[in-house]
Amino acid sequence: MNKMGLILLSVALIVLTLAACSNNRSTSGSGDTAEETGLVNGQPGTTTGANPGEEEATSSSGKKTIIFSSFWPNEQYEQAAKAYEAAHPDISIKLQYGLSEEYSDDGGGKQTDSDIEKFTASTNAAMLAGKGPDLLDLRYLAADDYERHHLLEDLQSRMAGDKTFNKMNYFANVLDGGNSETGQFSLPLSFSLSGMVGDKAAIAATGVKFDDRAWTWDDFMTTGRELVAAKGKYDAAVVSGEGYQVGGTDYFVRSIVADNYGRFVDETSRKASFDSPAFAGLLKQIKSMYNDGVAGSNGRGYFINVSILSPEDYLTSLHAFGDETAFYVKPHADEEAAGTSFETRADIGINANSKVKDAAWDFLKYLMDHTSIGLPINKERFHDAIQLLKEQGTITPPSIDSQHSKPFNVDGAQLDQLEGFADAAARKRNESGKVLDIVAANTDAFFTGQKSAEDVARLIQNKAMTVLNE
Amino acid sequence: MAVWLFLGPSLIGFSLFYLIPFVLGFYESFTDGALGGRFVGINNYTDLLHSASFRKAAGNTMLFTAIGVPLLIGLSLTLAVLLNRPLFLRSWLRTSFMLPLVVPVASVVTVWQIFFDWNGTLNAWLNELGLARVDWMQSNWSMTIVVVMYIWKNIGYDMILLLAGLQSIPKDYYETASLEGAGRFHQFRHITLVYLTPTMFFVLLISIINSFKVFRETYLLAGDYPYDRLYMLQHYMNNMFFELDVQKLTAAATLMVVCIVVMTSGLLRAERKFREYTE
Amino acid sequence: MNNYQRLSGLALSVTFSVFAAVMLFPIGLTLVSSMMSEAEISQNYDLIGKMVDTANGGKDAFLNLKLLPDWLTFEQYAQVLILSPKFLSMFWNSAGLVLPIVIGQTLVGSLAAYAFAKLRFPGRDKLFFVYLMTMLMPFQVTLVPNYLVIDMLGLMNRSSAIVLPGIFGAFGVFMMRQFMAHIPYALTEAAKIDGAGQFTIFMRVILPLAKPGLAALAVLLFVDYWNMIEQPLIFLQDAVKQPLSLYLAQINQSARGVGFAASTLYMTPMVLLFLYAESYFVEGIQHSGIKG
């Protein structure tokens, strides 16, 4: 009787547990239907459960499955996957997303942050457990950390050992952008160019001369002061921010501190010297840019910072900021080589623990040759994109603030110059990183006059040291 | 036999979700990879101890516990002693002291921001007194603020535990002491504190557990890299997780557990000694 | 009672009332602010986390602590409840995660606690110590291995990945053992003499006496798991399965006004549960703390 009772209780307990679980599944039922609608919309599997598992990789009749994950759905990836599957019947590609749809405007910036945090946390945990997707779009993921912990495949040896891979087909400097001392762990499908759009006519009117192909920040400041002194069309040489996002000081802080990073952070001895007078001096110098009018925080200036994301974006930016405009190269740090500054986009890596690495590599090559995202890394695709735009003849820019925008004509000569800028791409812009985030987040107090440069520098030093010593 | 029927369900689940993961983590702290890594002996531990941030985090955690816990217990004891008598609105008061315990952390984060922000109410008051602003969360004040939040949340819990302890002390002990001419303070030291000691051990344990939970508030308020005075072991472990540094993460975890084991077993031993001594 | 005592009692009551008001203030402020309009919220609290240029009156830029709304409005609640279907579904997600955990851990915990408190077996105290240890460990300690185990069991991205570890948490065992330890042996011995088995003793003698302990445990577990952020973050990747705690951490940052209403709704179940079960809760906590 006594034991019977206990057994009964245990059974009841198990039933309860199971009931609880199944109950939960039904609670999230609304979500399942949402996923199904996602499928109807042509998004294959928005499941993010990041476990490929061996049984999946070698399932039904030796068919290999490559799991490819990215933060949000990408049409190009889907098309490429379909085409690749059609050409390779023994491979199936499963796309996996951190978000089931791309962010629209109503999702606040902060909300994105926590979604990113969730995506990185779950992908990290999967990668650390030796699972995770086979192929990863590294956007928002800690690629450096993956690399450091040998979680990504070295693609350098892949490229060297693969005769079908010809480096000459790609923009070489951009391709090498992900190169580090220990190897190369990701390849970009696309890149963007950073620089400025300048009002060519207004600049010519002031008579100020400069060589944007080789200028340093100091050269730029001098030029800026001359432009302001000329009292021409604009009050400021350049406005803070990028594109239409005018204002804030963190744009220049990031750019300039990133270019001077080596002066304040010694990566080998893991020491920061933001509390040095030099850094407070740099902050004051940046502030003087604003005070002297070289940098404005509202309205327009002779220059506008832009990131060129695609050929179309290039023309649209040139068109949007005046009738006679040109693209100018971003100023660089003293010791740096001159050239166009670029950022890699759609960086793809292969999971070092993947069971289908060869197949993933093959698909990665396919992606590099067959996708045309933004400014494509593949020279032929790049050229195609430009040709396509020329044939198209007009561009209708995206509407801003519900104001309807008029289509304009494609300027072939400008487009040809873009290829030149792309060929000259030489400097990888790297403005991410925890220390730079800390710098950008805390300098505002100085620029607004709330705190002294020294106080801000001390605070940055305090936090940067925590990061560096971890 | 019956033991296993009672203990069985718990033991199975407990092993699966807590014990085995911990043992795995312990093993990983001696290897160089997350899974099937090479055995590297105590390398991870030496790396860890070389990390100034880890040392800082450990120091801050100890400092927080060393300040927060005694302060919390002291204050709740004061409250308990004062409340341990018929008092107007007594049950209302008790309820209001305990309510913060059940309020979810995320619910009141904005309120803390309103007070401790650079433009916050506290600075507005300072300004009215003609004083300069203080960046509360970005200075050595930050730990004081977290101590305040910790006390706010836990004082009610500790108070009712101590109140129960107080009520379990027989009244005639005090009466006898009074007759013998012992003063209030003497009574408090030689009766109240002595007979409260068993409760105190429990309160201490619970307060330490709850002191670890304060990380949530801190994280929501100050993010992953707070001012270094506020940078605690959980920040370190959290950041190591996001940097995928399982080696340092598991090594730090193991060291933390060792400290907890030493501390708790010391506490339990002291409790046993005390019980033997009084009985 | 003489005058002096009466006076000091009154003074004490007043002091305490002030202190109680301070304790309740953060909760009250959240409640009051939840009934302000979005415009009023941003007018008063927009400066949080901002640096105002001293050239533009930044010297005197302070946010304004507003204790009473100009207009009493429920628009924030409408916003949360009607316009944001996410909130309600997450509310139920939370309930669907937390209820099984609370019920399960209370049950499993009391069974194990009985063994620890009233039965004798070799290694009992050592095993209990191990339970105690895991309770003291922060979540991050076993995060990665935990991921492996959950993945191995095929629970990833299912609510069981949160619920099962929750059910077997050590706190329930610890608290109930503390509680049961002070139920006098005389009672269990008497039942034994009457011929009752261990299970009968557990059901008929221990459980009824442990009611306050169970209530206290249930409330504490409810609070703890209603609050959890880290576990769902890692183990539930689908946004639709996320509990409310994650949602609130996001909304607080982006839309402050709605945040107050959501916060109030979020804490309401806890507060109501606490007020409803307060006397049990207090008694339960108190008995777990003193040695019988």
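Letters A, B and C name the chains as they come in the text, with residue numbers starting at 1 for each one.
By definition in this document, a residue touches a chain if its C-beta (ideal position, glycine included) is under 8 Å from a C-beta of that chain, and two chains touch if they have at least 3 such contacts.
Computed from a predicted model, the values in this text were never measured in an experiment.
**Student:** Common contacts of subunit A and subunit B?
**Tutor:** C
**Student:** Give me the two chains with the most inter-chain contact pairs.
**Tutor:** Here the largest contact count links B-C.
**Student:** Just curious, how far off is subunit C from subunit A if you go by their C-alpha centres, in Å?
**Tutor:** 39
**Student:** When the centre of a chain is set as the mean of its C-alpha atoms, what distance in Å lies between subunit B and subunit C?
**Tutor:** 16
**Student:** On subunit B, where are the residues touching two or more other chains?
**Tutor:** 2, 5-6, 9, 34-35, 118, 241, 246 - these are the residues of subunit B that touch more than one other chain.
**Student:** Touching at least two other chains at once: which residues of subunit C meet that condition?
**Tutor:** As it turns out, subunit C has residues touching two or more other chains at 51-52, 108, 111, 143-144, 148, 164, 167, 197-199, 249.
**Student:** At least two partner chains per residue is the criterion; list those residues in subunit A.
**Tutor:** 2-3, 6, 13, 121, 128-129, 445, 450
**Student:** Which of the residues in subunit A end up touching subunit B in this complex?
**Tutor:** So the residues of subunit A touching subunit B come out as 2-3, 6-7, 10, 13, 120-121, 124, 127-130, 142, 145-146, 148-151, 353, 434, 438, 442, 445, 450-451, 459, 462-463, 465-467, 469-470.
**Student:** For subunit B, which residues are in contact with subunit C within the complex?
**Tutor:** It is residues 2-3, 5-7, 9-14, 16-25, 28, 34-35, 82-83, 85-89, 92-114, 117-121, 123-124, 127, 152, 155-157, 160-161, 163-165, 168, 198-199, 202-203, 206, 208-209, 212, 215-216, 220, 233-234, 237-238, 241, 246, 249-250, 253, 256-257, 260-261, 264-265, 268 of subunit B that touch subunit C.
**Student:** Which residues of subunit A touch subunit C in their complex?
**Tutor:** 1-3, 5-6, 9, 13, 16-17, 20-21, 23-25, 27-28, 30-32, 34-35, 47-51, 98-100, 108-111, 113-115, 117-119, 121-122, 125-126, 128-129, 131, 444-445, 447-450
**Student:** Can you list the subunit C residues touching subunit B in their complex?
**Tutor:** 9-10, 12-13, 16-17, 20-21, 23-27, 29-30, 33, 45, 47-52, 60-63, 65, 108-109, 111-112, 114-116, 119, 121, 129-138, 140-146, 148-149, 153, 164-165, 167-168, 170, 173, 178, 197-199, 202, 219, 223, 226-227, 229, 245, 248-249, 252, 256, 259-260, 263-264, 266-267, 270-271, 273-275, 278, 282, 285-291
**Student:** Where on subunit B does subunit A make contact in their complex?
**Tutor:** 2, 5-6, 8-9, 33-36, 51-54, 56, 118, 133, 135, 138, 225-228, 231, 236, 239-246, 248
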